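Shared chain: chain A. Partners: chain B in the first complex, chain C in the second.
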Partner chain A sequence: MISFIIKRVLLIIPIMFVVSFLVFTILRLGPVDPAQAYLLNSRIPPTEEALKVTRAELGLDKPFFTQYAIWLKGAVTLDFGLSYMTKRDAFGDLIYYFPTTLKITFLAMIMVIIVSIPLGILGAVKKDSIADKIVKLFSFIGVSTPSFWFGFLLIYLFALKLNILPPFGFEGVSSYILPILTLGLMSSAINMRITRTSFLEHITSRSTKYLKIQGVSNNTIMGKYVLKNSMIPVVTSLGMHFGELIGGAVVVEVLFALPGVGRYVVSSIINHDYPVIQCFMILMTAVFIIVNLIIDIIYVYLNPKIKYGSII
Partner chain B sequence: MKQLFIVLSIFLLFSTSYAHDEATLTIAWPINAGPINPHLYNPNQMYAQTMVYDSLVRYTPNGMEPSLAESWSVSDDGLTYTFKIRNAKFSDGTNVSAEAVVMNFNAVMQNKERHGWIALVSMIESFYAEDNNTFILKLKKPYNLTLQELSVARPFRILSPSGFLSEDTSKGIKAPIGSGPWKLKETKLGEYDIFERNDYYWGQKPKYKYVKVLVLPDANSRIIALETGKVDMLLGEGVFTLENYVRLSKDKNIAAYKSEPRITNMIAMNTSKDIMKDESVRKAILLAVNKEHIVKYILLNEETYAGHIFNPSLKYCNINEKPYEYNLAKANEILDKAGWKKHGLYRKKDGKLLSINLHYIGIDPKQKATAEAVQAYLVQAGIKLNIIAEESTIFYSIQANGFFDMIFNKTWGPPFDSGTFLGSMRKPAHADFRAQSGLAEKKQIDSAIDELLISDNETFIQEKYNYILNILHKRAVYMPISYEHDFALVRKDRVKNFQFGNMVTEFMLHTLEPSYD
Partner chain C sequence: MKDKKLIFLFIMLGVIILSAIFAPLITPYSPYDIDLSNRFASISSSHILGTDHLGRDVFTRLIYGSRMSLISVLAIMVIILVLSLIIGSAAGFQGGKLDNVLMRISDVMLTFPTFILALFFIGVLGVGLINVIIAIAFTHLAWYSRIVRSIVLETKEKNYVLASKCMGTPKLKIVIKHIMPQVLSQVGILATLDLGHMMLHVAGLSFLGLGVQAPVAEWGVMINDAAPFIRQHPELMIYPGLCIFITVAIFNSIGERLKDRYKIKEDRSKESAV
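The block that comes next holds the complex of A and B.
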């Protein structure tokens, strides 16, 4: 197990290198000139002279591989360059904005776990009952509702009409409620379905029947065997939801004016702000690799039969 | 009792305080104000640059008025401008002087390539302080937009010498210290900027002690902020949609303001491209589109119908030409005469389909709806219009390279309309240059612009304007659609004395008063 973790950690380096090169290349394959984007954002007519000065200022006048080499040299020391638009350190800004995104993502993740797993189990245990139907309806609505629209409904009701929750910003604990509900709804609904299906599969499995025949109590079967086994796909899905929630945070951050990384990166994409996009992609690659590694380790805990040594 | 305490605690925890600080005006803007360097562009926001810094002179529709220069004179040859600098202080208490103005002009001219878009930069020969209060600006040749271009939001605004890090402000400034009505107090990235009243300001002192500018990137969030009282007013280009303006103008708690027309929205037609070279096609397009309906149903009557590329109320721009009014029968007649015959729905000539592309910015709902309407009108005349949504940077690239049949375009608003905008028509990077490049008279148009920009003879200037605007009108180069206004939504219970600035980016926050008393 230890050697598996070491190998996976070491693999991060070549993966990051490949990702960095791909991102750097793909960004420059587009038809858009970031120097022009900068000038337009500054409301300067993009004349040839203005473009020339701006390209030189942004380092875009150098050959591709020189640009990459300069960037890579800085990147290994966490110097990802200055944002074209804000003229601030891209890495520093992302680190500034990351805590807000991580905070709402983790809180939404907790909401997903607290809401989806118990309700999914309830639906499975009380299959075809009213409770199950309500769970199914909730997950159907949750999956079908776009988060920006749901967010607006929440703001309309709780901020505009009832005036009991703030419509945006951070004003204390109450400020987290609407963003987290907005962010967590869809993932809760999806995870609820996965939990229900997985739980049902194990309730009706042969091993469960044998346990019943052996006279093991229902609570022990459910708590010790069915729950633990049915959690493997749920944990996988939670890992994926983490990525989804970080992606979904963009909508929430814009809607609720939260100073998070999603909002910052989306505006950077719109503005063709390469240093920020490159830095973000590298950071997100690292985050995803680490989250997946943690998920793999949890698998082993849930099902000791899983061995990784042979895979690598 | 214990339960009551718990209920109260929960209520206090979850309820939000809407207490409003009377001395603070709260508005919203999509991004932070930036470092507020007066000589640089993004991320420095223009509204903030005009709040913190003064220019030498201030633009008004009726002419220039004093600002940091309390008076000025121009030599007979139009080459020397003498500015008398007023006895004023920067927000840190240091004195404004002609030497400070020289430092700022030096900083701007050290980066003249960066400011090449503003013609004045290439006209400046030299500048110096004659004495503590006299600043002399010498030009290479006369340029009659000198004062207008000195008044814009950037780069000719005056930073205190104590705000300089080095002579070259393009590398950054120490602090945004100006002589304007406000000074920057605090910035929280992604959340807000707070400006404080500059008690040394030489003009009308702001009534508010602070202005808090919340960073709200989403237009709907900004509207909700206004409706819930989180902000006191909204203003600025693109800060809210026209639909929300119309809706909230009916709200009894909100005062809705509309400025005089500022900018012309139009569609430029490329006279050098393919089918569009045919003047009869361009004229037919102008006659086939019912712009009155576009203004009424798409622009909700909140913009003004435009007959010409510049609002006739602008100086020199009232030409005696009748706008192209909607006349479908005449459009069809012109096309028939030009040999474009109907084959089914569309027209053809020598086997060539009358098919034209119109480019618009995909995320601009106004342009999209207008493009769709134009497409529907042109079908009636047998013209196939392909409307193409573009990413905004690509859109401007298409404009600059002339890769269009028809493309949306707009003027720059005051103080650039009409002189500076006309000047830009001579530069290939502009849609206007590309659109006009197929005209036989293009060289004469450019020469006329050259001549009028260096003349001080009013009659001569008017003649040149008449020539240029008449040719552009007769040759059907533009489809003017509407004169756009600025809008503001203000909470009546919070703010009074609202007025628009003279430029789109000039927010007159120092004239506002709290309306509690």
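The block that comes next holds the complex of A and C.
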């Protein structure tokens, strides 16, 4: 197990390297001239002369690979350059906003787990009952609802009509409730369905029947065998949904005016603020790699059939 | 074999598509006619769902809004199908180095969640509906190429393909005659399941101000427009949201039913990934 983890951690380095190269290259392939974007952000008219000066200043006149090498050298020491918009350190800016984003993502993840797994199991155990139909209806509504619209509905109902929760901004812990419900809705609905299907599959499997014939009590079968086995696809999907939740957090932060990376990243995209976009993507990659690693460790624990070497 | 629910769903979808095409015949107003003397009009015989903050007829904007949503998901799907057919067939038929390189690139792309990747591509291309369409298509490309590749790997060993190869049929013709129908029938059904998801992405990006820009009549933009007036006029925000919800729900239900009916494996992309 430990060698498996070490191997995976070492693998992070080449992956980060490849991603950094792809991010840097693809951004340069786009139709936007970074020097022009820089001048527009600084409110300087992009004359020929100004462009020339800016190119030299930002090192854009150097050959492509030299540019990449310079950037990579900085990136290794967490220096991703200055934001075109704020003229502050891009990494410092993002790290300042990042904790809020991570917080609502993790809280939404907890909500997804608490809501989707028990309800999915309930639906599977009481298949075709009224409870099951309600679970199915909920998951159907959840996957078809635009999250930002759902957020507005929650604001209208709980903040404006009932006046029990704050509508926008950050005023303490209660400010997190509506954003988390908004963010968690779709992932809860999807995971509920996956849990239900997976649980059903294992309830009706032959190994479960065999245990029943052997006289193992129903609770032991459910708690020890069915639950553990049926969680394997659920864990995989939860891992994938962590990424979707971070993406959704961008929307939710803009909607609820929370101080996360959302608004900053959206304006950096509109303004072609390359250093920020690059830094954001690298930061995201690091987060996803770590989350994937955790998921894989849980996965191996749940399913010892997998050899550690085979899922690298 | 007759599936009444499926027929009903197709009729609903047909109604939405027809109303998008024949929008000018359904409503006498233009979605851009501003009438500041008639702001926030309530429901009446002349304005079925009232008017918005600029006095524009809400019903008209909803009908025209369906055009944007439908055209964008259609465009996304066409781009994905064409490119994934090319990439997937190249990887599956050629094999070797090309296959390896393409699959490793798709590995990297699949690590990123679609929404983050879409944000990145818009950062590269710039803001606007066409760029949003390209961005969303690109983010789904890796997954679809994998599916096409696995279909190619399966089909290319079939006897009729081998026979046609023996007779000297060029590869391109084999792809068009034998691979493409397989891909379209199998991937087409999976794609219906994704259409709803993509529509939500388009609306979400428009809401962030990265996609369709005001004053264009689009459902996401309409929700954004109505947000400042949520206290006094929540209905302005509820209508476009319901339109998105209903359309996405129809796509999702059709996809689910077709998938169950034709027993399509959804996680095809994973099986021969390694």
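Annotations for the structure displayed:
Basically, the second predicted complex is superposed on the first by the 279 of 312 C-alpha atoms of A that agree within 3 Å, B and C clash if a C-alpha of one lies under 4 Å from a C-alpha of the other, contacts with A are read in each partner's own complex, and residues count from 1 in each chain.
Just so it is clear, a contact is a pair of C-beta atoms (placed from the backbone, for glycine too) under 8 Å apart; a residue touches a chain by one contact, two chains touch by 3 or more.
Computed from a prediction, not measured in an experiment: that's the story for all the values here.
With both structures placed on the common chain, the touch criterion links A:254 to chain B and to chain C. Of the two partner chains, chain B and chain C are each touched by A:160.
Once chain A of one complex is fitted onto chain A of the other, the partner contacts of A:36 are limited to chain B, with no touch recorded for chain C.
In the superposition on chain A, A:97 contacts chain B only, with no contact to chain C. In the overlay built on the shared chain, the residue A:152 is in contact with chain B and with chain C. Using the contact criterion defined above for the overlaid structures, shared-chain residue A:244 touches chain C, although it does not reach chain B. By the touch criterion defined above, A:173 lies against chain B but remains apart from chain C after alignment on the C-alpha atoms of chain A.
In the superposed model, A:285 lies in contact with chain C only, and not with chain B. Once chain A of one complex is fitted onto chain A of the other, the partner contacts of A:265 are limited to chain C, with no touch recorded for chain B. Across the two superposed structures, the residue set of chain A contacted by chain B and also by chain C is 31-32, 152, 155-156, 160, 254-255, 272.
Every residue of chain A that touches chain C in the complex is listed here, in rising order: 15, 18-19, 22-23, 26-27, 29-32, 140-141, 143-149, 152-153, 155-156, 160, 240, 243-244, 246-248, 250-251, 254-255, 265-266, 268-270, 272, 277, 281, 284-285, 288-289, 292.
Residues 108, 111-116, 119-120, 122-127, 196, 200, 203-204, 207-210, 220, 223, 227, 230-231, 234, 237-238, 240-241, 244-245, 248-249, 252-253 of chain C are the ones that touch chain A when the two sit in their complex.
If you check the complex, the residues on chain B that touch chain A are 13-18, 31, 34-35, 41-43, 46, 113-114, 116-117, 188-191, 214-218, 220-221, 224-225, 227-228, 230, 391-394, 396-397, 400, 424, 427-430.
If you check the complex, the residues on chain A that touch chain B are 31-33, 36-50, 52-54, 85-87, 93, 96-97, 100, 152, 155-156, 159-160, 163-175, 177, 254-260, 263-264, 267, 272.
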